[in-house]
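Below, subunit A partners subunit B and then partners subunit C, in two separate complexes.
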Partner chain A sequence: MDIAEKRKLTASSQKKSGKLRGIARKDLFWGYLMIAPLMLGLLIFYIWPVFQTFYFSFTSWGPFGNYQWTGLVNYQHLLSDPTLGQALRNTFIFTVLSVAGSMVVSLFVATLLNRKIRGLVVYRTIYFLPTVTMPAAIAIVWQWLYNGDYGLINYFLSLFSLHGPRWLTDPNIALYSITLIAIWGSIGNNMILFLAGLQSIPSVYYEAASLDGAGPAHKFFRVTLPLLSPTIFFVTVTSLISAFQVFDLIYLLFGTSDVVINSTQTVVYLFYKSAFVDNDKGYAAGIAMFLFVIILIVTIIQLQLQKRWVHYA
Partner chain B sequence: MKKLLFLCSFIVLLPLALSACGADASSSQNQPITLRYAIWNQLQVPAMKQMAAAFEKTHPNITINVELTPFAQYFTKLQTAATGGSAPDVFWMNGPNFVTYASNGILMPFDDQITSKNVNLSDYPSSLVSLYTYNGKHYALPKDFDTIGLWYNKALFDAAGVKYPDATWDWNTLTQTAKKLTNPAKGVWGIAAPMVDQEGFYNTIPQNGGYVLSPDKKASGFADPASVEGLQFWTNLIQDKSSPTLAQMTDTPALSLFESGKVAMMYGGSWDALEFQQNDYTKNKVDVAVMPKGKTRATVIHGQGIAVYANTKYPTQAMEFADYLGSQAAADILGQTGTVIPAYNGTQTAWIKAYPQFHLQYFLDELAYAVPYPTSKNTPAWQDVQNKVLTQVWQGQLTPAAGGKEIATQMNQILSKEQ
Partner chain C sequence: MPKSLEITVQATRRSKLLGSVLTHAILIIGGIVFIVPFMWMILTSFKSLSESMLVPPVIFPAILHWSNYASALTTLPFVQFYENTVLMTIGRTVGQLVFCSLAAYAFARIEFPGRNLLFLLTLSVLMIPSYVFLLPQYMIMKNLGWLNSVQALIVPGLFSSFGTFLLRQYFMSLPLELDEAAKIDGANHLQIYWHVILPLVKPALIALAIFTILWSWNDLMWPLVVNSSSDKMTLSVGLATLQGEYFTNFPVLMAGAVLATWPMLLMFICLQRYFVEGIALTGSKG
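Up next is the complex of A and B:
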C-alpha cells in the first residue's frame, strides 16, 4: 500500500489504541496490584530458591551453614553414586506402576460413577476421602494393615489359610506395597478430573454410536477414550510429575528402619537425607537439579508425543 | 506508572519497616521475655513443665515454652534451626552430637557460671562432666544418666516355671533360659534381640572384653574378635529362634512386643521404668535384674546434658534457667517424679523409691562397672555405617566377623579424617 494509506492506518490504530490505552492503563494498574502479593510470594519462595538451588549444587557445606564453591564435585559424585542409581530405579518403578495403576482404576471408577445411580454422592465422597486425609494418618493406618505378624491384611489372608508376606519389611515387596497405597490415595483426585472430562463429551456422539449399533465396550474405546484424551494427557503429565517426587510415604513408613530402605528410597528421599540428615546440602542441591532435568525431559517427551494421540475437539 | 511503582514499593517496604521495630536486643532485667526449651522425650514433659513452673515462680518476668520434638527428628530440626540462627534458647544435648555442636560454636560455655559459683562441677559424676567437656571448656550441664538392665516378664517366667534372672546369670544361662521360654505355639519368644547399640551391643562388646572405640579415639574396635563375639551374642539368639527376626522387630518394635507379653526378656534402659509403670500390662508384671556376666561385667553409661544456644537473644536469663535445670532442686523433681536417674550427686534415691515394684537399685549398682558411651568428633558419621552394616549382619546377609571388619575399615577412615 502507499504511504498515505499506511499513515491513515497507523493514525486510526493509534487513535483506537490510544482510547484503549486510556482505559487499559487503569485496568492494568489494578490488575498488577491484585496479583502483586501472589507474584511476590511466587518469586521469593519458588522462583528464587530454584536459582539458589542451582547455585548451591556447585558448593560444599559444613555442618552449620558455611559453604564454599567446589565446582562440579557434587555432579561427579552424583554420577558415580550407587545409592542414587538404586533410588532412581526405585523411583521409576514406583512412578510407572502407580501412574498406570491409578489411571486405569480412576478411569474405571469415573466411568462407573458418571451415571445417575442411587447414592452417587456417597460413592464419590468415599473415593475422594483419601485425597483429603493427612499423609501421616494414611501412613499409620496402612502400617497397621500391612503389619507382618499382627496386621489386618495378613489376618484376613490367614482366614483362607494363606500366609501373607511381610509387606513392609521384605525388601522385595516393600516398594510394591507403597505403590498400592499411592494408587489408593490418588483414585479420588484423578476420578474428579476424569469425571469433568467425561461430562464434557457431548451426548450426541453416544447417540450416533448407538444408532450405528455400538455396544458399551465399543462406545468406550471408540468414543469415550479419544474424546477424553486431553484429560488423560493432563492427568498423565501431572501424575508423572508428582509421582517422581514421592517422599512422604517412604519417610513415614520407612524413615526409621534400615531394613528395606535400599529398595524403597526414592530420589527425593535421598535429597532429604543428604540435606538434613547427612548435612551435605551441596550434594542435595545437585540431586534436586538432577531430578528437575529428568522430569523436564519426561514432560518434553510427553508434550511431543501428544500430537500423535490427543484429539482436541 | 509512577503511581504503581510508588504503591508497590510502599507495600513491600511497610512490613520490613514494622519487623525492624520489633527486633531490638533487650537486656533489661524486668522486661517480660519468653525462653524456648527444647526436649525430645514425651514421658518427661510433665517433669519439665514442673521445673519450668518452679523457675517461673522465682522469675516472674520469664515464661518458659517447653517444645517437644520426637527424638527421630530432634537433631535434624535442631541442626537446621542452628544453621538458620533460630535455635531454641536452652535445649537437651546428647553425647554423640555434643562435639559437632561444641566445636562449631553453637553452644555457650558454662565456665563463667563455674567461676561465679552458680554451678559446681563436683556435684555431678566425673564421667558425665568429661562427656560434655570440649577443649577444656564445659558446654553442657549433666542432667541425668542411665545404665542398661535386663527387664523380664514375671508372668511368663512363672508360667514356664523358670527362676527369675539374678546376679549369678551369665551369657550361657541367658541363652538357655531364652530357649526354654520360647513357645512358638503361643507366639512367645524368650528374648528380644533388636539391632540397637545403647541397649544392646555397646554392652555385650565390653562384657566380652572387646571395645567399640579405642581410648585415644583413633581406632575402631569392631574387627577385634572379642567385639565380634559381642555381636554374635545377639545373632545367635536370633538363629536359635529365641528372638524374633529383625524384620519382625521392624514391623513391631521390641518394646511393643515386650509390653504385649510376646517376649519374656529384653535389655532396656533405666529410662524404661517410667514407660513400664505407665503401661497397664507391664505395671505389675515386669521387673529388672543386672545384665548377665560375659567374660566380665559391663554396662554402657550415658547421660543427657543441658546446653544453651550461643546466639540466644537472652544469654543471662537462658544461663540462669540452665543453671536451675542442673541444680539439686531440679534433680529432686526428676527423681521424685520417677522420670529418669538425676545426675546430681545424692538425688538418685528418690528415683529408686518412685517405683517400689521394680528393683531399680540394680541400675545404680551397675555404676561400678560402667563404660562410657563411645563418642568422637563425628560420631553420627560412623554410627551410620555401623547401623547400615549391622542391619545386614542381623538379617544373616553378613557374618558378624565380616560385618565387624567392614565397619572397622570405614570407621577408621572416618576417624582419621577427624584428626
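Up next is the complex of A and C:
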C-alpha cells in the first residue's frame, strides 16, 4: 500500500467518524430534549419527595407548618405505638385474605371462560364492572347492601332463616366485610390477566397430556399451573402491593366512626390521619417509610422465591 | 359405526353438554353477585325514603322519585364537581400521553450516554408506593399557593413512570429499519416520533389513555388532601362529603353514586375491547 492510498483511507475514516460524531451529538441533543419534561416532573414530584419524606420522618411539626429535627423520636414512637400495631395487624389480615380470595376466584372464573363458551363478552363485561366503578360509589352501595336492618344481604339470609350480623358496625367482623368488598372489586382485573395468560398456552400441551391419558385435574395442576406461573407471579406481586396500601374503602366506610375504626384502620389510613387530621406530619412520614420498607422486603422475598416456582417458557 | 363406539361418542357428548350447562350455571350465579349491587344502586336511587326501608324490600319503586337526583344536585355543587373532575382527567391524560410518549421514544429508539441510568431511575419510581410522595407533593402545592385549585388536581399526575414504561416496551417492538429509512430522508427524531412511530403505536396510546382516565376519575386521596373547598372538589370527594351529610338517606346517596359513576361505566361498555387489551398488555409486558 503506498502512502497516498493510506492517506486516502485515513481521510475517509476520519470523515466517517466525524459524521458519526455528528449523529451522536444530534442523538444526545434529541434524547435529552425528549426526556427532559418527564425527567423534570419525576424529579420534582416523585424522586426528590422520597428523600424529603425520609428527612421529614426525623422531624417534628408545629401548628404552623414549621418543623425541627428531632432525630429518632418518630421511630421510637412508631415501635411503641399500639395503634400502629393494630393497624399493621389489620393490614396484614386484609392483604392476605383479599389477595388469596381474589386470586383463587379469578383463576377459577378465568378457566371457566377459557372454554370458548358462548356469551364470553357478556360475562366478562359484568365481572369487570366493579373495576371501573369509583371506590366512593362502591362504598356507598355496599354500605346499603350490608345495612343490618334494611340491607339486601341480611334480607336474603333471612329467607333461609339465618340471622345476618351487623356487617359494618360489629368491630369483630367489619374488617372481614370490607375484605369481601375488596375481593368482589378486584376479580375483574385479575380475571382478565389470567384469561390472557391461559390463552397464550399452546393447545399442543393439552393434546399431549390427553394422549398420555391425563384427566382434567391432572391437566390443571401439571400443565395449566406451571405454564401460567409467570402470570400468577405478576398478579401476586401487584395485588399484594396495592392491598398493602388500602385506604379508600377504610376512609369511606369507617372514617367517621370512632367505634369500628380501631379494628379496621390500616397503615395508610393511619398515615393519612396523622398527616392531615392530627397534623403530625413528621410521624406520618415515619409511618410512610416504615410501610415502604415492609413492602420492599415482601417484594424482595417474592422475587427470590419466584426462582423456585415460576417457569418462563 | 360399531355399537360400542357409538355409545362412547354419545357419552362424551352428554358429558360435554353437562359440563357446559354447569359452567354457565356457575357463571350466571357469579354474574348475579356482580350485577345486583349495580341494579340495587339504580333501583334505590328512584325510591322514596320510606320505600327504601321496607322489610321485605320491594324491588321496583312505585313511581320514579327523580327528586333524589334533585336533592343530590342541589345539596352539593355537582355540576362544579363534574367540571373539576373532567378538567383533572383531561389534563392528566393529555399530559401523560405527551410527556410519556416523548420520553418513551427517546428511551426506546435513541442511543445517548446516560440513557440506561435515567431509565433505571424512571423504573425505580414505579416501585415506590404513591403515599411516600404525598406529603412533599402537598407541601409543594401549599408553597405555590395552589391548594384548592384545578392545577393542584392536575400537576403531579402529568408525569408517570408507569406510562413511560408501558409505551417504551411497545416502542421497542417496532423494527429499527423504520427510523433508518426516515433518517436517510433527512428526518430528525421529533419528525420520526411524530410521523413514523406515533401512528404505529395507537393501541398502546389508547391503553395508557384509558388507564389514566380511569385512575383520575376515581382517584380519592390526592383530591381529598389538596382541595377541601367544595367548589374545587372532584366527584369522588364530593360523594364522600354527600355520604357525611345524608348518611341515612340512601336513595339520595344512590342518586349521587349513579351521577358520579355513569360516565366511566358508559365508557367501559362502549370501549371494553380496549380495556381488556390494555390490561392484558400490562400483564404480558410488565
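Methods note: the second predicted complex is superposed on the first by the 277 of 313 C-alpha atoms of A that agree within 3 Å, B and C clash if a C-alpha of one lies under 4 Å from a C-alpha of the other, contacts with A are read in each partner's own complex, and residues count from 1 in each chain.
Following the convention adopted for this analysis, contacts are C-beta pairs under 8 Å (C-beta built on N, C-alpha and C of every residue); 3 or more make two chains touch, one makes a residue touch a chain.
Note that the structure is a prediction, hence the values are computed from the model and not measured.
> Which partner chains sit in contact with A:26 here, subunit B, subunit C, both or neither? Use first/second/both/neither.
Only subunit C is touched by A:26; subunit B is not.
> Please indicate which partner A:48 is in contact with in the superposed arrangement: first for subunit B, second for subunit C, both, or neither.
second
> Going by the contact rule set out at the top, does A:134 touch subunit B (first), subunit C (second), both, or neither?
second
> So in the superposed three-chain picture, is A:63 touching just subunit B, just subunit C, both, or none of them (first/second/both/neither)?
A:63: touches subunit B, not subunit C.
> Based on the superposed arrangement, let me know which partner A:168 touches: subunit B (first), subunit C (second), both, or neither?
Touch status of A:168: first partner only.
> Touching A:259, do we find subunit B (first), subunit C (second), both, or neither?
After superposition on chain A, A:259 lies in contact with subunit B alone.
> A:149 contacts which: subunit B (first), subunit C (second), both, neither?
A:149: touches subunit B and subunit C.
> Which one hits more subunit A residues, subunit B or subunit C?
The partner with more contacted residues on subunit A is C.
> Based on the superposed arrangement, let me know which partner A:79 touches: subunit B (first), subunit C (second), both, or neither?
neither
> So in the superposed three-chain picture, is A:276 touching just subunit B, just subunit C, both, or none of them (first/second/both/neither)?
both
> Could you pull out which residues of subunit A sit against subunit B in one structure and against subunit C in the other?
32, 37, 65, 147, 149-150, 255-256, 276
> If you look only at subunit C, which of its residues touch subunit A in the complex?
Subunit C reaches subunit A through residues 20, 23-24, 26-27, 30-31, 33-38, 40-41, 44, 52-57, 98-100, 102-103, 105-107, 110-113, 115, 118, 121-122, 125, 127-140, 142, 155-156, 158-159, 161, 164, 188-190, 193, 214, 217-218, 220-221, 224-225, 235-237, 239-240, 243-244, 247, 250, 253-254, 256-257, 260-261, 264-265, 267-269, 272, 275-276, 279-280, 282-284, 286.
> Under the stated contact criterion, what part of subunit A meets subunit B in this complex?
29, 32-33, 36-37, 40, 62-65, 147-151, 166, 168-170, 255-259, 276-279
> Using the touch rule from the top, collect the residues of subunit A that touch subunit C in their complex.
Touch list, subunit A to subunit C: 24, 26-28, 30-32, 34-35, 37-39, 41-42, 44-50, 52-53, 56, 65, 109, 112-113, 115, 117, 119, 121, 123-130, 132-145, 147, 149-150, 152, 155, 184, 187, 189, 192-193, 195-197, 200, 231, 234-235, 238, 241, 244-245, 247-248, 251-252, 255-256, 268, 271-272, 275-276, 281, 284-285, 288-289, 291-292, 295-296, 299.
> Given the complex with subunit A, which residues does subunit B contribute to the contact?
So the residues of subunit B touching subunit A come out as 3-4, 7-8, 11-12, 72, 76, 79-80, 82-84, 100, 104, 106, 187, 246-248, 250-252, 384, 387-388, 391, 395.
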